[in-house]
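Chains: A, B and C, in written order; residue numbering restarts at 1 for each.
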């Protein structure tokens, strides 16, 4: 229990520190952010005006406090480039990104489980070797390259997959799914190698354990024994790497959304970075990082709970 | 009950682990397999019943278990034979049962698979057996997990598990290493009892000569992958033949042997 | 089997390495030389791999791109290794208090998805080779820090360490002569694995326009430029893409085989 509270506390601290560091870094942007965003309209008066309006006259720590307190309430400020509330922008793009990530997971996980289990069962036989080779190659390919290839050779050739853009689910569920399908596959590509490795190694490890001997002595049919015991372990295995996977997924999302022109959070962040849109960057980065921290926290807590159960009475 | 001719064990690459040896076990006998760590006693015993881990290979001229040729059996018949008639108590208590599956499910595996009775009957038997091995609160244990138990308790659960299908042969692999001497005595007397009352044959694998002397009718001595001597226990101790056996007896008795 | 993989990885790596090395002295054409009359030409005797949208020789650009990729990858990961390991070692061996701070710091850095961190960095410090290098190094630091931290923690209570301490050896000495030899194999594995990642990240950054910028040459950049002409002249995607994959694959394979070798060594050592 104590440990859980500690983890929660340190996560909170982490979130604060992260937002602070992000803020600080952005403060260092050379060239006045306001000037840049105003672009051609940057007359000295307008600049001063905007600065005052944004409270950028105040010393940076005051600015940070102000931003932070607002952020806690859900107000991340206003984006220069879009003229809208950062939170509104974020929320409007979130469904796309989430659907995309969800689809990627739905594609990657069952595939990884199947391939990983079979590869483990047929260790070092043809299937295993082919699978592992493909994984190696997949690892070496940058996601944007895979995306490009998909774009050129699949989307451009086959009608059902749009080259770019997103059809909202409100208009057509089918259209929406199709527009997300290829990008999701690209993302799944990125996840699948690690997942397969984990599943396979977990299976291999479980198959060697003594409880398999128990099943043999009890005369249980080997298939049933495998399903009941190692498979169980293998199914749980991906959860151990969820944190890292999500992190990588987000990196991938940024690239993939840009290539397929999907109106998601990733692409929003990218534009924000290009345009040096301070509040937008700050808000998005804080949101993303906080989400990652929270997800990692949850998985860590679950892990601790499970371990506590297991270690409690170990003599 | 068991008759093995020229059994040997080696790795896939061909490295020999156990030199060819013969083994037999009569009904109602207690046979000891003695050797130090690494002498090959566990894998020899496993090899006898085709229970070797997949990394190892064994060959033999004949393996007869309960009048059946083990290598001629179909997988199904083999599983039935092992599941029903053979019990195994492992050396290492920690991983023998899966940590995330309830104990009762694992204890019922053999029982239910080979249709010794209904699940309900199985649970009843499991409860009785757990009480028999000296565990209080069997219901709680059955519904719990292995990691909730201490090493000694786990050993007892393993013992109970091995008795579920009323086996006619039980293999005890270093059953007392993890136990203190009082419990060790308890466990050995328990099995001696089972042997005498129910006529169950036992194979006792151990590196403890005193146990061999006290409990076994016959014994095999293993040394560095080779079965160097076999005899009735009394003869082994009074007239040891192989130098290794002699040294062992000497140490055990703490006196000179002619 | 292993031997073949090792040979394969070396062969694969030889391609970008030689290209890169040679590029220091000689490229068939200067990489910025445009020949607008000869754009999009396919492979020919003059231009072994053809020309790009500006008539620049693709082979020459690839050679320079290889050089950048390997240099960038190696240097950034080395930086990350040194700084990260230092942090990891210090935090593993310090008192609870200090150690906690370092750990939280590392966790903080890890919480940023790779590209996000690099993007932020580039935003602040501008794009170009040096920024990218530092950004990737920063990305690598927590990885090595966490690795060294857990490796040292593992060994802390091992007999030989306790023995060394009891003789009264100074911490530096213990680290240098006792800890390091043991954790080195794992570090080396991580090192080679990371170079591949570093190159991929760099290419992603360049692709997004945040890393190496024109008129320089980088795999990612070349792919980005190729994208615009995807539909009319798809060939352009291939040379840089394939060479990139070869490089990273070679690095990964080498890392894997090294890993296996070192694991085996480690086992026999005990």
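Things worth noting here:
The definition used in the following text is that a residue touches a chain if its C-beta (ideal position, glycine included) is under 8 Å from a C-beta of that chain, and two chains touch if they have at least 3 such contacts.
The shown structure was predicted, so the numbers you read here are calculated from the model rather than taken from an experiment.
Via touching contacts only, the remaining chains, with chain A excluded and nothing moved, are grouped as B | C. Chain pair with the most C-beta contact pairs: A-C. Comparing the centres of all chains, each the average of its CA atoms, the largest separation from chain C belongs to B. Computed from the mean C-alpha positions, the centre of chain B lies at a distance of 54 Å from the centre of chain C. In whole angstrom, the spacing between the mean C-alpha positions of chain A and chain C is 22.
Residue ranges of chain A in contact with chain C, taken from their complex: 10, 13-14, 17-18, 21-22, 25-26, 28-30, 136-137, 139-145, 148-149, 151-152, 156, 247-248, 250-251, 254-255, 258, 269-270, 273-274, 276, 281, 285, 288-289, 292-293, 296. Listed in rising order, the residues of chain B touching chain A in the complex are 51, 53, 79-84, 86-88, 90, 92, 94-101, 106, 109-110, 113-114, 145, 147-152, 161-162, 165.
Those residues of chain C that touch chain A in the complex are listed here as 104, 107-108, 110-116, 119-124, 126, 196, 200, 203-204, 207-210, 220, 223, 227, 230-231, 234, 237, 241, 244-246, 248-249, 252-253, 256. Within the complex, the chain A residues that touch chain B are 208-211, 213-221, 228-229, 232-233, 309-315.
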